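Could you have a look at this structure, given as structure tokens, before my questions?
Labels run A, B, C, D and E following the written order; every chain starts at residue 1.
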Amino acid sequence: MNSLILLLILMFGGALFAFILNKFVPALRDIFVVLLMLGVSYLFFSTGISNRLNFDVLGIHMQWGFTSASYLFGIIVVVLGSLALIYSTAYMKGKDRLGYFYMNFLFSIGAMLGILMSRDLISLFFFWEIMTWSSYFIVIYSGNDVDRRGLKYMIFSAIGAYSMLMAIVIVNSFIGSFLLEDVFASIFAIGSGYQIAIAILLMIGFGVKSAMMPLHVWAPRAYSESPMSYTAVFSGALSKMGVFGFALVLFNLVSTQNWLINEVVAWLAAITSVLATFYAVIQSDAKKLLAYSSIAQIGYIIIGLASNTYLGVMAGLFLAVLHAVFKSTLFMAVGAVERQVGTTDMTKISGLIRRMPWTFVATLISIIALAGLPPLGGFVGKWMLYEALITSGHYYLVIMVFLSSTAAFLYSYRILFGMFLGQEEPEFAHVKEAPLSMLIPMLILSGISVLSGSHPGFILEPIQSAMASFGFQSNLPHESWWELTVLFNTWGDKVALVNVLTSIVGVFLIALAFITIKGYKNQRYVTTKDISSSGEIIQPEDNMTFQIDFYKPFERAIWPLLKRKIDDYYTDFGKGLEALFDFVRRFYNGNGQFYAIYVMAFLALLLIAGTKYFGF
Amino acid sequence: MVISPVQYIAIPLIAAFLIPLFGKLNKELVRIIPGLVLLYLSYISVVLMNQVISQNTMIVEIIAGWRPPWGINLVFSPFSGFLASLFSMLGFIIWMYTYNFKREVEDAQTEKFYVLMMMLITGTIGIVLTGDIFNMFVFLEITAISAYSLTAFYRERDGAEAAFKYLLVGSFASFFILLAIVLLYSQVGTLNMADIAQKMPDVNPYMKGVILMLFFVGFGIEAEMFPLNGWAPDVYTQAPGPIGAIFAGMVVKAGIYGLVRVIFTLFDVHEIFPLLMIMGVITMAVSEVIALRQGKLKRMLAYSSIGQMGLVLVAFGIGTHEAVFAAIFLMFNHAVIKSLLFLSGTYLVYHSKEKNISDLDGIGKSLPFTSFLFALGSLAIVGLPPFAGFWSKLYILMAAADVRLIAVIAIILAVSVVEIVYYFRVLHRIYFRERISTIEIKIPSFNAKISMLILAIVIIVIGVYPDLISGLIERAATDLLDKQHYIQSVLSVGLH
Amino acid sequence: MMKRFFIFLILAIVGYYIVDVVSQIPFGENRVNVGDYYLDKSPSELKVSNTVTAIVVNYRGFDTLGEVTVLFLAATGLASIMFRRKRKGEKDIRAKKASSRIIQIGSQILFPIIILLGAYVFIHGHLSPGGGFQGGVIIATASLLMLISYRKFKVNHSTISWIESIAGIVFVLLGVTGLILGKTFLENFLPTGELNNLLSGGIIGIIYVAVGFKVAAELTGLIDTLLLNNRPEANKEK
Amino acid sequence: MMNEFLMISFYGTAIALILIGLYATLAKKNLLKIVIGLSIADSGLNLLFMAIGYVKDGTAPIFSAEVVGKNVVMVDPVPQALVLTAIVIGFAVTAVALSLVMRLYRHHNTAAIDEIKNLKW
Amino acid sequence: MNWLVIPIIVLVILTIAAAIYAVISKNLLYAVVSTGVVSLGLSMFFFILQAPDVALTEAAIGVALTTIIFIITIRNTTEIECCDEKKSKIDVKKGGEK
């Protein structure tokens, strides 16, 4: 049997089996899902990219198989999927409806693999929808539907998916085939108006999943309210499907004459990243903060893709991989805190560094990667992005990205400080470190983050072959843009990243040792309520730590931008529609005689119209 | 005795006349006999369908020894045969569901229930099988009268009100169809559909137009076209649960069959297609948005059903081979999926007086199996893969795209979003709310579970492997579009 | 008022088109149609002098089967719609008070005569105007007469359903017999006899008798069901 | 002349009955009036069909002893057979309708159709 | 055949008048009886149209049976057509109790 089919059968069959297993032998469930995922990962890595499967369904020709591009994303999916499942076994312990949870978890991972292996639009859509509903079922897993987040997610996904479907059928009506290669080959032969419409419709579809600006409103709550073990995959891998789709559309379906599309997308992404960063800053809940941060980060990625330069695309893809790594680490870390402490409200938690040191380490590394500070991969990615934008002359975009990444420092700091540093509250004294099965995935991912800083080449290599399969060839003076541990730039400078890393880490370690030795004796524990005030009488309930309202001034400054959320417009629109629908409903007024009158009136109308217009 | 299409009518009739007698012998027989009959019908469906497909013919059965156009004949063509087989098999599954349904109803009523239910199914089968237009009217009346009575079956509901509305509008339908038949007879002097189709070109176009409009309205009422469907939501709501499934799965389909048979075969006027499509779009849009605002489960399902019928009309209105294929596929899918929804939904609101959606809060924990099947049906009906509904919707969109009906595609998809919203809202309530209502819960009986499970398996299997059935549907679509073949096959029968 | 005006308007439109169409149908003209074939074959092949009967029972016998079924369903449906749980000690009362003696005696005399008339009508269905339906209705009228005039007159529902079922089954089985004998459903398999003879027309006569019994039984049952509920005080349900 | 007169009177009566019946169904609020309207409209339709099947100077399509062998014009028997069916079906529908009226009256204590709207929207 | 003219005119007028009366009459009993008259007229028409079978059927079903079941229904419900303009429910009740 073809390993592609086997992969899908294992995934979906395994998902169903996990559901059934949970009913009868719940003890074996965790082991089963982890083993299944590991087996699938093995199968995935052994599959390779040359495998092609052709078949017909209902007279529609379909083709499955990985390309180097989708393989890259596939790696993200299986790695994150396996780690998140391992993490899940501890994180979800003791919750109910686990069979349901794991079933949908595996469904969505299987669907993602399906999306990546589709070489035709119908299978792509098919798996896209499976991914949508299975993730929806996890989003609403935790019960009370605050703000109807699940429904919102589903509505937006549906809008996106159906605009995709519309594009797909229109493409087919022109080209007569759903195969991606046929579509790519002949898309520019059809009318320009249709071309643009198709590109836009497809991008709406992918934009929803990657939470682009006007379509992002579902994301914050969906990310923050799903179980964290799934959010790691959701934000890490699932949103990358949108990125993958964007790449497909931008590189293959938008002709160079329609460069405006690229510009618009880039600008939307830039606005997304700035606004989402601002929102992230003013959140007090770590999960929501990370959710907004995810949206902002995907903004960078899409800016990179839309820049349509070799370096920009590379930066975008690099950031995509990296984002998957560090953002899922962060979600896992927050999940660990949530599980051990019971809350993720940063105004309540503080000083967990002593209680959960390993979680802290993972968070720290990921935060550094997120903020784009030098020794780690985030820096590399952002550097490449800036360079690409500057060399291609997108100066305003550079300003936007700069604004957004500066603001990102604010929330990066906040999440680190709010949860781990600061005064230790006595009520958290009993908190223990997260169990091993949660730590290991986090630490593995952190390790990847570190490596990405020192050896970006191991990520850039698959990216380069992926770009080749997207149709990008290096057109630059250098032979190569990177070596394993060395970063070049347009101007011919070389930076040996390992040296940077080792030196910075060395300095850091020395400083740490120094502080520890020097300051250990002077340390004094005070509670957050025990702070001397300058003549002001402090009430016991006043918590004076600066997690609270620390960013108030900043918030006040950006408030005009954020006052009216896009969400509110959607809500008003929905309300208006509902009122309209209620009006339509009055047609069925309950009086049977009116129904009979409708019949007669319709007949009269038809007789007039029929004899006049239908040519009888 | 050789298996022949007339047994579709004769066997249920004998059984219907026998049931009152057997009811005196043994109460259980009353429940069992319809099942046996429907099982037998399913069996002959398989045999006949196999014959039709393998020999690439249509079976035309003469009745009373007079060949068409003088006698009545039954036509088991790929299209009508497909629908007849669908009805009998679905009927059997629904019978299985009703076997232990509402045992507390009096014996005398049980007997009537089964007679009426069986005749409802037989009536729909008769409508699709008959080759004679007046005979179709008679079967329409059989269907209608059983439907009126079944709608008013429960005394504690507002069934009588719904039934009266249905009767009022349904009488208009019969009236218009009969009027059309009368005018048609005055023009062509025959009642056989093939003969009419053959003679139709000679009729003057004005007369043709008026007759077609009368048929259009008449069958449009049965097919739940938009301004004519006032009765439908009430009827679906008030009828017993399995009967709702029969309405959604068979009665409407029979109405649509009548409509398309008249338009495609009898008249063959392509000018009417845009009208059919426009009415379909309006029907779909209006009823789906109304469904969004429903607070009662069955009413929501009813409007959803009407909306799907609108989609079927759109597909027929496009009129290409691909579109007709999609329409028939959707008819099949909708019959199966909506039956599943009605059957499982019935148990979800079994003891609820108002049948409110809010009564479903948290019922997923108490009724896991039924809720799961309901969820599956919901996913399928909105056309999410990997369930059956996806392929038919895809094909309709493809057909629409091929003739560049971009606006229609947009409307269909926008309406699908609405559909997703209201179905997922229900699912959310089922699974993710705490149960507060104190309404007693009814666990489905074993046979009901089996019947729902069969439907669910069909949905999944067709969803994953649609080619299982596409051959039959392909033949059905070809049959519907090939008017000449129909005429020839019918009129040449019995010519020695 | 607006509504009424609107109704007049749409009725005027529909009426206009109906008039327009119908006026194009020539009146009294002998058009070529399937009727000619029936008029030609019915006396010569089926030996049935009443062509309408030949059509109703043989050429379009399937319609008649459906029609009988419609009546059967109406009776069944009506009984199901009117079904009401009996209260304790409630008796079946069809009329509020007994009719006057004159009416009673009159109906007693009339009853057998009407029954005979009905029987005559459906037995001679293939010879003269009339047939199963007309005869059945006439018989039903007779029992209606008794039901109204006698308070205690009871219709035995068991008997009725026996008659109904057997008559119906006879009809279908006659059809199926044709099928079994290698002919078609409802095809005549008996010798047709001589034109204008009582024993002519093959199975047509038998079917019409069955239809007569069936219609009579169904209508009687139907009226009885309606009469049983003829009690305003029983109607106060709520 | 005679033919036109017959045509106008038959077709006219039929259409008049149809329209009167439909009017009653659409405009009258009483349930019974609605049913009466339906039955009148049906009667009109039956009359129309019979009138269409009429043949000038035709006789009833019965081959009684005096007619056999003579060349007589007969009216079209098909409409007669169909109308026969239609009448019976109409009666069946009327019966069901009336039983529904009775139940509605029992339930709502009114026979006005605009007061019976528990089910709407 | 001219002798038929007058009876036909009478019949037409009678039938249509009865139909109109059946629709407008406030008393349902009268309306039902008028419907019976319409059926009777119709059955005459059928006779004139050389359709004795149909005439017989219409006479038996339309005139006798339909009228009777209508009357039974009226006895069960109400005799007076309700509130076309603005009569209240009380009138209907009275009609029912009669």
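Assume contacts are C-beta pairs under 8 Å (C-beta built on N, C-alpha and C of every residue); 3 or more make two chains touch, one makes a residue touch a chain.
Values in this document were obtained by computation on a predicted structure and should not be read as measured data.
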item: Target chain D, source chain A, minimum contact steps; value: 1
item: Intersection of contact partners for chain C and chain D; value: A, B, E
item: Touching chain B and also chain C, the following chains; value: A, D
item: Innermost chain, where centres are averages of C-alpha coordinates; value: B
item: A-C or D-E, whichever has more C-beta pairs in contact; value: D-E
item: Rounded Å distance, chain A centre to chain E centre (Cα mean); value: 75
item: Whole-Å separation of chain centres (CA-atom averages), chain C against chain E; value: 20
item: Computed distance of Cα centres, chain B from chain A, in Å; value: 44
item: Chain B-chain D separation of Cα centroids, rounded to whole Å; value: 29
item: Residues within chain C bordering two or more other chains; value: 3, 7, 11, 14, 17-18, 22, 25, 31, 33-35, 38, 50, 52, 59-60, 63, 66-67, 70, 73-74, 77-78, 81, 129, 133, 222, 226, 229, 235
item: Shared-contact residues (touching 2 or more other chains) in chain A; value: 585, 588, 592-593, 596-597, 600-601, 603, 607, 611
item: Interface hub residues of chain D, defined as touching at least two other chains; value: 6, 10, 22-23, 25-26, 29, 31, 34, 48, 51-54, 58, 60-62, 74, 78-80, 82, 84-85, 88-89, 91-93, 95-96, 98, 100-103, 105, 107, 109, 116-119, 121
item: Pairs of chains found to touch, sorted by chain label; value: A-B, A-C, A-D, B-C, B-D, C-D, C-E, D-E
item: Residues of chain A touching chain B in the complex; value: 56-59, 122, 125-127, 129-130, 132-133, 136, 140-141, 143-145, 150-151, 154-155, 158-159, 162-163, 165-166, 169-170, 172-173, 577-578, 580-582, 584-585, 587-588, 592-596, 598-603, 606-607, 609-611, 614-616
item: Sites on chain E touched by chain C in the complex; value: 51-57, 60-61, 64-65, 68-69, 72-73, 75-76, 96-97
item: Residues of chain B that touch chain A when the two form their complex; value: 161, 164-165, 168-169, 172, 176, 205-206, 208-210, 212-214, 216-217, 220-221, 227-228, 230-231, 233, 269, 271-272, 275, 286, 289-290, 292-293, 379, 384-386, 390-391, 394-395, 397-398, 400-402, 404, 406, 409-410, 413-414, 416-417, 420-421, 424-425, 428, 431-434, 465-467, 470
item: Residues of chain B touching chain D in the complex; value: 134, 138, 141, 144-145, 148-149, 152, 155, 158, 160-165, 167-168, 171-172, 174-175, 178-179, 181-182, 185-186, 191, 233-234, 237-238, 290, 293
item: Complex interface listing, chain E residues touching chain D; value: 1-2, 5, 8-9, 12, 15-16, 19-20, 22-23, 28, 31-32, 35, 38-39, 42, 45-46, 49-54, 57-58, 61-62, 65-66, 69-70, 72-74, 76-78, 81-84, 89, 92-93, 96
